[in-house]
Structures are given as structure tokens and as C-alpha cells.
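Below, chain A partners chain B and then partners chain C, in two separate complexes.
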Partner chain A sequence: MGETANIPSWLGVAASVLLVLLALSVSVRYRLGLTRELAVAAVRAFVQLLAVGALLLIVFERGGLLAAFGWLAIMVVIGGFVAGRRAAQLPRGVHSAMAAIAIAVGVTLGVLLAFRVVAATPEVVIPVGGMVVSGAMAASALTLRRVQESARDQRERVEARLSLGLTTAEAFAPEEREAVRTALIPAIDSTKVVGLISLPGAMTGLILAGVAPLDAIRYQIVVMYMLLSAASLASFLSAKFAHRSLFADGARLVPIGASPVTMVR
Partner chain B sequence: MSPLDQPQAPTELFTLVDVCVVRDGKQVLSHITDHFHEGHATALVGPSGSGKSTLLRLLNRLEKPTSGRIYFQGAPLENLDVHILRRRVGLVGQQAVMLAATVEQEVSYGSPDLSEAAVRHLLSRVKLDDLPLDQSTAALSGGERQRLALARALAVDPQVLLLDEPTSSLDTKAAEAVDQVIKDLVHEGLSVVLVSHDLDRAAAVTDDALVLDKGTLVDRGDPRSVRYLVE
Partner chain C sequence: MNPAPGVGSWPDLPSPLVAPVADSHCHLDIELAVDKNGPGLSVDDAVTLAASVGVTRVVQIGCDVQGARWAVDTAERHSAVVAGVALHPNETPKLAAIGELDAALTVIEELAAKEVVRAIGETGLD
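Right, the complex of A and B next:
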């Protein structure tokens, strides 16, 4: 495949620097004050991708499957931090996000590998796993953000339910459901319009690499379905884990956006 | 057993022994020792920030004391199952948030098995007899919401109702209607603890008042004669 694929040579890459110069000239011409930032972004993209390419080469040639799963684990940790920090006032937000993303990725990728839908090789596990992680991360971030808002803004509502003797799970269930619903809308929408508005990444990549369109879409269908699973699981689990950290002993809703009652002496 | 483990009067509704609450390094309640009588309406009055709402929320464990003990009918509060405690000690907040779409669903929110007749009886206890059961809760006035929230709290058959400024967001006429409902409930034997920043309002409903200022209990007695200074 590599031989037949229509991939730019390094000379081609050098020529594409002309396009960066074009972007820079716009900034200079209109005094946008973005010249430096544009140049830095272009250089950063080059360096980052070069580093990732080199690392991937090492993993593919020497590391094997174990290194690929190690790579995936690092992505899960980074994803957990990114999603958890979207809800910085939530107690143990990063923990909730990381655990939810890890399980969502584990289950989704596990199903794909167990049924041999995708091959268990580093060349597949890393990019496919990366897509699963980013889908799970986006859903987890949206869910936690919404849970945080509810715990802060719907406090009276939740405490009114607690005051009727409802359990914390019952008292927070409507907010939890709404958070998961909201978080899943982007994943559902992008599944609905796939192919209509944009040609998605996996399919584009395969077509660029010379794969026949009807073969490329099979991969894309699997990708869309796995993203639905990753988003649903990550959102549901994020809400569950966040719910646990929202209530203290004695079924009290902890204060959000303020530190809890401290011990005297 | 240390003296603190033994409430002075175990039959009292609530007994507080040296209760302190510290939040963000700030003393919200300091060394409160007192009790609330069964079958009475007791007011917690004081200016905003005096700690009266915090004290109320301690009584159904929406908040936890930093130190000190609280007893409900002689039993340490934390020894009771919190869900059972909250069904015995109901709470209605200032805003009377609606939890369901219709009047009937709202009343039976905490007890879904309630019969239609039971719902109607609860509505009559809060003087909302005329309200259709399928009426949307979104269309209700502030006073109607507050009384519906009372009916919702009464539906789980509590012994005590904790009321946090139940009339502060209502106009005089609606507030008087809510006050009358509260008085009738107390007359029927319900114990009430009512938070208010307005001593006159509290005096209209209760026969006993605790006055708080900056987290400290400053006076206790008949709401018409207690010392209450508003700065």
C-alpha cells in the first residue's frame, strides 16, 4: 500500500511551506499581529508530527502490541486530565474522567479486537484507540461540565428531593440523565450527518492511501459505531463517578464552588 | 459515657449541645446549646448571615456540625438512618422549587403510591382544594407553589417541618395565606421550625423564638418580647 499511495515527498513538504508563507503574508499585509503566532504554529506542527512519526516508527518496528497499549494508556491519562479539568470545581473530577475514559476505551476496543473487527497490531491499535479516546474524552468533558453546573445551580432542587427522604441516586437522577443526554448530542449528530457534510478522517485517509471507496466506508462505519459506544459509555460512567463524589456521608450534597465545612481545632 | 452524650431532656424534639459549624475558616455557628419543643412552632430569627439557615439545615442533616451533638427525640441524629430521618423531618426551602410537571405528580413526588383521594386531602390541608390535579406546576403563583411544596412535604407524613423563609418572596396577601396554613398545621399537632429574618412575621406564626446574631444565640423566648436588633 505504501508504495502505491499518493504521499507527498519531503520535497513536496518543502514546497507546501509556500502555503505557510501565503498565510504569513495575509497577516503581514493586514497587520493582524498574528505573524509570530502563525510561524510558531507551523513550526510546532512540524516538530510535533515529526516526533510522533518517529515514536510510532519505533513502536511499530520494535515495541509490539505491549508498547501500543502503553501508548494508549498515556492517551487515556492525558484525556482524563483534559476532560476532568473542564469541571475543575467537581471533587475528584480528573479521577472520574480518567476512570470513565479507561473503561469506555477498554470495552469498545475490547469488543473490536475480540470479534476481530480490527487487527490486533500496533498499526491499528494506536490510531483506532486514539479515535476512541478522543471520542470518550469529549463526551466525558461535556458530561462532567454539565454535572458540575447542575450540582451548583440546581442545588435547591436536589436538596428538595433529598429532604423527601430520597436516596442520593434518586435525588440526582434527573440532573444526571440530562447531563448524559446533552453530552451525547454531538456524537449522535456527527453520526447522523457523516458523509453528508464532511468526509470523515479514517475514510479520507484510506481513500488517499488508494483504498477503494466501498472498502474505505466499511472502516468508517465501524469507526462511527465505536465512537457512539465510546461516547455513551464514557458519558454514563463519568456521570456515575461524578455523582459519587458529589455526596458526602449522610447523603449531603457537597458545596460546589466553595470549599466544604472544615474541621475545627 | 461523657456528659455530652446524655441530652438534658431526651424527650425534646431537638436538643443541640455545643454545636459549632466552621466553613472556609469562618465560624458560621458557635457553641449553640438549646432545644426545640415537640408540638410547637419555633422561630429561628436573625439578620442575614446570622447562621439561622445553617442551623435549620443541620436538623435534617443537609449539613453536618463541625463539632457538638444534635439529638432528635433523644437519639443522636447521626445514629438514625438519614432517609428515615428526612421523612420524619421535612424541609421546605425559600424558593419552593417544583419537581414535577403536574400538581398531582408534585404532591406524590416523595410517595408515589399516594391515592388520588390522599392527594386531594393533602391539597385541602394547604388550602389548595380548587387546584385541578392535572394543572401544570409551571403556571402556579409563588404562593400556590409554596403551599404545594408544603403538601409535597406533608405527603411523606413528617412529624416536623423545617421551613426556610417560606414567605420572604411572597406579597403580603400570599404570605398571610401561607402563614395561616402553617398555623393550622401546628394546631393539628405538627412541630414546625421556621427561619425568618422578620421578627413580626415569625411572631404571627410561632410562640417561641431563638434569636441568632453572627452565629451566636443571643436570646430565647416569646417572639413578641425577645431582643432582636437590626443594624
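Right, the complex of A and C next:
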């Protein structure tokens, strides 16, 4: 690719440090107590992006597709931990999240690659894969969080359904459905307003790189569709896997967090 | 499925329900006891007939120690059956009178821990 007129030079980056100083001056002037945090954040962004840029350079030039998928696998693992920890009281939450994200990413990216919608090159697999993982992660986190709340707060409802003879799947289905419905709101809403409110990253990036707008939006359409798929699959699967770990032998709903003892004497 | 003469007859099967449901409170043992003269309605037949009209799962309720044992036993042998166990309030004074209430409650407690047991019933409230 090489340097193009649209990309800031290193000198330009140095100049943009002025903007960080501007932010710092606000913190100092109003004694926000954020000066240190702001400075650390700015340095972290620089170091992290420099590291990731160098790593990407190595993968693109030497690593090939295998390294790209390895990178993707690491993203899935990190995503699993982040999403799973949103529901720390859920048994095997991290497992549920990681498995759901892995399958959602595998299927979504698999379809895109199988139909040659996107190219099977590291330059595509890593950034597009990253978007898919991040969409799947967000949906999984919201789902598991909601499932955890339901299993704790709606315990009586679920147990009542079980006592009336329903299977565990039937007894938890309304809570499960509600969790998935809630978790999909961000993905659906951001798809609704794309172009109206947000000019999203992939499209903006392509336009910045000099791609014609009508070409850039084609990429963005694919991105929006793939995010819908990633979020839906990750949410649905997270709920399914979480549901499985919620019930012990004999269809007993495991206690979640500080569940109140509901027996009346 | 016809009972022996003199004990009435089973009603015709209703048309199947539009969606499968669970019968939340069932006394299959009483159904069996109605027909003491001939081949009654076995649990197998009852469960099959129920399923044919859309009642795919059954909660069999035990009202006393014997009934509770039967409910657990039946639920363990039929995948479509789960059990509820308890002493009916009609039973407790009788058991108390002969000093067996505590022992009976202990048995119910043990049975309640079985995997097929989904509910405490019948308690007189259900």
C-alpha cells in the first residue's frame, strides 16, 4: 500500500499530541483529577496501536492465512473471557461465551469466505474477523448478563413451571427468549440507523483511504449483515449453553448469587 | 381400553390439543384403582392415550407415603411422567393419631430428593 496523501505522517502524529495537551489542560484547569488517567490513556493508545501495527505487519508479510486465523482464535478467547465475566455468577459462563462466540464467528466468517464475499487473505480476515468477534462478544455478554439476572430474580417462575411438569427447556424458554431479544437490540438498532446517525468504521476507513463512496458502502452493507448474523448466533447460542449449565440433575435450577430462600415455614 | 362391565366406561378421546401441554396434576393410580375387576388402564396406555391428544407430560401426585412411592417409582419408569410427593392434610391427622407422622414426613423428604420429583404436592393447596 505505501504512504498515501490521506494518511497522517509521523510528524502529523507528533502534531496531534497537541490535542492530547488540550485535553490535559482541561483536566488541569478544572482539577478533574483525570490528568494522570488521560496521559496514561494517550500513551497506552500509542503503545498498543504501535504494537498491533507491528504485529499486523509481520503477519501480513510472513505469517500468511494460518497466522491470521491464529490471531482470530486469540480474539475469540479474549472475547469469551470478557463476555463470560459479565455474568460471573453463571456456572461456566466463560465456557458458554467462548463456545458461542467461536461458533458465531466461524459460521459468519465461513459464509463470507465460502461465497467469496471477502477475500481469504490476512489483510481481510483479521480486521473483518475482529469486527465479527466484537459484535458476537457484545451480544453474548448482554445475553449472559440477562440470563443470569433471570435465573436469580425469576427463580420462582421457573420453578413453578418445572413443578407443573414442564421440561427445563420449556420452563426457561420465556426468560431465554427475553434475554436474546434484549441482547439483539444494539445490533438491530445500529443496523437501522447506519448512515443516518453513524458513519461506521469500515466505510469511513475506506473513504479515508480514497475508495469511492459507492464502493465503500458495499463493504459496509456486508459488514452490517455479518454483524446481525454474528450477534444473533452468539446471543442464541450463549443462551442455549447457559441454559444447559443452569440446571443440575433432576431439573434443579442451580442457585445463582444470593438467591433468596423461598421456602415458607 | 374398555373396562370390565359394571365399572362405567372411559369417555371418548377428545380432539387433540393445538399445542402440547403438561398435565400438572394427575392421579394415575386412582384411574387404575377404579377398575379392580379386569385389566384397567395401565400407565403405559394412559401415557400413550394422553400423548395422542397432546398431553405429552404428566405430573403424578402422591398423597400419602404409599402414593408418593408409587409416583416416584412410576416417574422413574416413564420418561413422560414426573412426580410430586406430599402428605395430604386428610392423611396427617390419621398418621399423627397412630404416632407415625414424623416417620412419614421423613420418607416424603427422602423421596423429594429423587431426580424425578418436581414438586411438593399434594399439600391440600394444589
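The definition used in the following text is that the second predicted complex is superposed on the first by the 252 of 265 C-alpha atoms of A that agree within 3 Å, B and C clash if a C-alpha of one lies under 4 Å from a C-alpha of the other, contacts with A are read in each partner's own complex, and residues count from 1 in each chain.
Following the convention adopted for this analysis, contacts are C-beta pairs under 8 Å (C-beta built on N, C-alpha and C of every residue); 3 or more make two chains touch, one makes a residue touch a chain.
The model shown is predicted, which means the values in this text are computed figures rather than measured ones.
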**Asked** On chain A, which partner's contacts cover more residues, chain B's or chain C's?
**Response** B
**Message:** Just checking: does A:152 make contact with chain B only, chain C only, both, or neither of them? Give me first, second, both or neither.
**Reply:** neither
**Request:** State whether A:240 touches chain B only (first), chain C only (second), both chains, or neither.
**Result:** neither
**Request:** With the two complexes superposed on chain A, say which partner A:92 touches: chain B (first), chain C (second), both, or neither.
**Result:** neither
**Request:** Please indicate which partner A:251 is in contact with in the superposed arrangement: first for chain B, second for chain C, both, or neither.
**Result:** both
**Request:** Once the structures are superposed on A, label A:167 by its partner contacts, choosing first (chain B), second (chain C), both or neither.
**Result:** both
**Request:** Go through chain A and flag every residue that touches chain B in one model and chain C in the other.
**Result:** 162-167, 249-251
**Asked** What part of chain A is in contact with chain C in the complex they form?
**Response** 162-167, 170, 249-251
**Residues on chain A engaged by chain B in the complex (per definition of touch)** = 156-157, 159-167, 248-253, 258-265
**Fill in**
The residues of chain C that touch chain A in their complex are 22-24, 57-59, 82, 84, 114-119, 121
**Message:** Using the touch definition from the top, list the residues of chain B that touch chain A in their complex.
**Reply:** 20-25, 60-64, 66-67, 78, 82-84, 86-87, 90-95, 97, 99, 109-110, 149, 152-153, 156
